[in-house]
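Note that chain A is present in both complexes that follow, paired respectively with chain B and with chain C.
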Partner chain A sequence: MATEQAPLAERETAPPRRGGGWQATARGLLIGRPETGALFGAITMFVVFAFIAPSSDTFTSRTSLAGLASITAEIGIVAMGITLLMIAGHFDLSVGSVLGFSSVIGPYLILNYGTDPFVAVLASIGVAISIGLLNGVLVVGTRIPSFIVTLGTLLIWRSVLLRVTEGFPVAVDKDTFVFKLFSYRIEDGFFHGYQVSFLWFIGVLLLLSFVLLRTRFGNWIFASGGNERSARSMGVPVDRVWMILFVVTALCACLMGLIQVGRFNTVEATRGAGLELQVIAAAVVGGARLNGGYGSVLGAALGAAMIAMIQQGLILSGIANYWLQFAVGTLIIGAVIANQKLGRSRPQI
Partner chain B sequence: MIAVNVPDTRKLSERIPYLFYVGGDEEAGGRLTAQRQMQDGDVKHAVCIIHEPGHTGLEARCRGYDAELKGAGAKVDKLPSSKDATQATEQIKGYLQENADVDAIFGVGPQPATFALQALDELGKKGDVRVSAYDMTEDLLTEIDNDTLVSTIDQQQYLQGYEPIHWLTQHIEHGFVMAPGVDMLTGPALVDKSNSSKVAQGVQAGFR
Partner chain C sequence: MSQPAVNGKPLIAANGIAKSFGRIVALTNVSFQLGQAEVLGLLGDNGAGKSTLIKILTGLFPPDKGEIEWEGEPVNFHSPRDAYEKGVATVYQDLAIVDLMAIYRNVFLGRESAITKGFGPFRWIDRKKAHADARKAIADIGIEIRDAEEPIARMSGGERQSVAIARAAYFNPKLLILDEPTSALSLRQTGRVLKSVEEARNKGISIIFITHNVYHVYPIADRFVILSHGESIAEFPKGKHSRDEVAELIVTGKEHARKLGYGDGGS
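Right after this comes the complex of A and B.
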């Protein structure tokens, strides 16, 4: 898997690599990459939980791995989207409300207006694009920090969601085909028990990694977050980059919402609440800087995997889930320290 | 002032000075759930799933369930779960994988009960484990009709809206009061297959 590099300015100021065989090669592969800490952390965590789970095969059983894949996929899809935004220097705290609101629209239209399910899903996607665009326009147009703008839209869309649903769950037929595209559960073979959401996750991982690492737009993302003024002076359309990334983040939240609608058939008014903290945690654990210019799509995916492993690992180890937040908090602090040591992530967070 | 739905559980001398409390008795609801589950046979290992750890009402539901079942000799665990649908379902699946002998589940609200049913369905064990919920949704009533949910608890919230207005009016106009520390309970009321169709009519009419 290819990994992200620091923006051009940092790459140019990095010290030249010394020659010296496999150590230098290994150092070149690992040191200075945003996701290195997350990679080591994920491997270590997997080994530890596999070892301490009371039944030796519990953590590595098919059911457990399928569960890890489901949680990783959903947190990871949104975390990867928000990571691009963070690299470009912004936040989106409204992802949970966007998820809830965009995923309730489809079932609501089907239930109340008999809308064709395909059209209803398109409406959900359209709502997500519109909300993302609105976030972008507000940030670009007013120059108010995205933290504030999206804190506002978090509350606004949650309120609209509560008004639409009147606080009650909205349900959709269990076997609606279009929703199964997002949530089909494999019933036999090697991947028995896995949700198709993991394929969506892999797809988003490959697509966003490609965009970030192999396209001009990816360079613009790093440049916009690394040094906005320099980026503008070099002709980078910073405002457009930001608006597109707000839309991308909202679409990722919508995708997670559609996956959940398909699996659970209902959307309750609280759907998605608190998601913003989990996905930002995954992005930070994955090496993203809160002040922009640095981060990794793969790192965010690994960060999501670590949060999933903590959740499953604590339960399978018989440790009360009351410790979950303690463990995630420790993970965030530990990951930032590790990223400082292993990468070029400076203590600016 | 009358407290509705959530009482102040501190000592009478320390609590908010309301006239009385109108609402359900959460701990009694937990006990009632346990009693109903035991009507279908002994419970050996049960779990109470709580999606908002620290919420006094939800903790009280778990406490009542725990006390009733432990009094009958059962082992009872408490599983604090995520509020996220996928994460909660996977946590419950993980717990059930590690505790395959669990024969009774109590979700302290519609969400954890629904996620427990989803987890059991995906594990191929739906219908094999007694599941009970708290509060009502149309889906939960359907699960009761399908024999996949043993029971749920109705707090009869319509009365929680009606009674305070009625009492406040009488208090202002005629000075009616209640003795200090005495509350007006609207629940718990058990809903199981024996009365689910009647309850469903009430739901459709907007009273339950």
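Right after this comes the complex of A and C.
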């Protein structure tokens, strides 16, 4: 930790290490930030796919970009939520099951009880909040690692979901106004051709970034994960921070679920299975530290974009789909190595 | 800045403090006093009762016997928060800083309302103010920082200690308790921390500097109290004994203190 320092006198007389002009600004903006690696990675990947996709405009066509934005939005929303939780020092493996369970509840109520769609969506949100709270209570109350607790709830809620649906898909009328809020192809204006989910994504990105970087609660998130003991002795309500973030993560999963309900028309009982690995991958690629205390909402968004680009780019480049997981795996390891190299001036982790 | 209203009385005086935990006797008879803007070197070997004394002074638990006077009035510190509100700030050995966090975030950790603006529940951190205030807090104790956004992990041990002291001193306590602030530091780093302590005293803050190493505290302390086996065996102003004599006193304890003319209880 303690690095070798220049002799005292030298350091006191040396002028501040600020070069002038744009170089200093660029350095300040890039070096030592958690999302630097993800930013370069995403740009590089975009350029590479733009070149190797057979006809030059395939990958960069509006249709392709809109598809990319749609996948990025869905993975990204959950990845950003889980990133806050990871910075605060916890995991949530149950996001996939939360997504499945909370998004099936609404359509199930509409189908079987004729519930008003608005109320049904509120029920979905309510279920997500309850599940998030339960995760939080179990982790805070028992002090069992969240990895274990949410592994348990991952299995439990998936099982309950299977029992409720008996394995059958639940259909919903996606033209209902309330589902259009979450899934709707924008027909004109700047975003024409894009799904409205991309706007949700931008909204969540701005909101969570602001909370993390510019509010008291954000300070508490960093402190709770960076050094729980120090945070507690400075009066940070660490347990409350964790509870809130489990709920935030569950709400993000619910939002992704509602987006997919509108997009697919149906919810099947396996919806969201395996999501936890994708979103943790996105968070880590985006610079989040596994032990907490460090990470970036923007980084997670870029990580999600990279995973989306791999999915779409491989298909458009005519590369066999077998290589998808190979590519994502390589991305994760490569990204972590790159983050460590790039962040040499950042604290070693 | 609020000046402690001392009116000739000591800021804090402990009289005959005793504390036991079951059959383990931690403190038997500790007395000392400390005036405004004074630095008290509280010296003692391992097991002399230093930690127990701090915990009593910061309100973690009450003494079994004896009394503490604060600004001339008897006082009970009911909890660390109570002590803090009365003006006692403490920097523990672990510093309670978060290495991965920016300097300014550490300085205002748990007291973010000092750097937020906005209305009602909608408040956000004013970064310009946060940077400036953090820089000022640290400059107040004699250290220039390059960039308040830098993580604490990039600072040296002495600088980290100084940031912890700056944070405690910034909110204008009357008494600052430093627990072994130099124990893990090199000589040069120690010098830097001592400078910070001096600057804090120049702000009018009284300081209890706890250590087992007289050579670290001797340059800045105004008075000394020697703790041995739960008892304050000697209390004297600086200059009365040489460093080496003080060092010997810490190791040899009560018998030696008698030879130097201190009675039981050191008063």
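Here is the rule we use: the second predicted complex is superposed on the first by the 315 of 349 C-alpha atoms of A that agree within 3 Å, B and C clash if a C-alpha of one lies under 4 Å from a C-alpha of the other, contacts with A are read in each partner's own complex, and residues count from 1 in each chain.
One rule holds for everything that comes next: contacts are C-beta pairs under 8 Å (C-beta built on N, C-alpha and C of every residue); 3 or more make two chains touch, one makes a residue touch a chain.
Fair warning: this is a prediction, and the values are worked out from it, not measured in the lab.
Undergrad: Which partner chains sit in contact with A:G114 here, chain B, chain C, both or neither? Use first/second/both/neither.
TA: It touches nothing on chain B or chain C.
Undergrad: May I ask you to decide whether A:Y322 touches chain B, chain C, both, or neither, giving the answer as first, second, both or neither?
TA: first
Undergrad: Should A:T63 be classified as contacting the first partner (chain B), the second (chain C), both, or neither?
TA: first
Undergrad: Just chain B (first), just chain C (second), both, or neither: which does A:A273 touch?
TA: A:A273 sits against chain B, while chain C stays out of touch.
Undergrad: Touch check for A:M234: first (chain B), second (chain C), both, or neither?
TA: After superposing on A, A:M234 lies in contact with chain C but is clear of chain B.
Undergrad: Contacts for A:G189 in the overlay, against chain B (first) and chain C (second): which applies, first, second, both or neither?
TA: The answer is neither, since A:G189 touches no partner chain.
Undergrad: Check chain A for residues that touch chain B in one structure and chain C in the other, and list them.
TA: Looking at chain A, the two contact sets are disjoint.
Undergrad: Chain A touches which residues of chain C in the complex?
TA: Interface residues on the chain C side: 92, 94-101, 105, 108-113, 116, 123-125, 127, 144, 146, 151, 153-154, 156-157, 188, 191-192.
Undergrad: Chain A touches which residues of chain B in the complex?
TA: 53, 78-87, 89-91, 93-95, 97-98, 110-111, 114-115, 118, 122-123, 137-139
Undergrad: Across the complex, what residues on chain A touch chain B?
TA: Of all residues in chain A, those touching chain B are 53-55, 58, 61, 63-64, 67-68, 70-71, 74, 168-169, 171, 185, 193, 259-260, 263-264, 266, 268, 270-275, 311-312, 315-316, 318, 320-322, 324.
Undergrad: Spell out the part of chain A that touches chain C in their complex, as residue ranges.
TA: Touching chain C: residues 1-3, 5, 8, 12, 16-18, 210, 214-216, 218-219, 222-223, 226-227, 229-231, 233-236, 289, 293-294, 345-348 of chain A.
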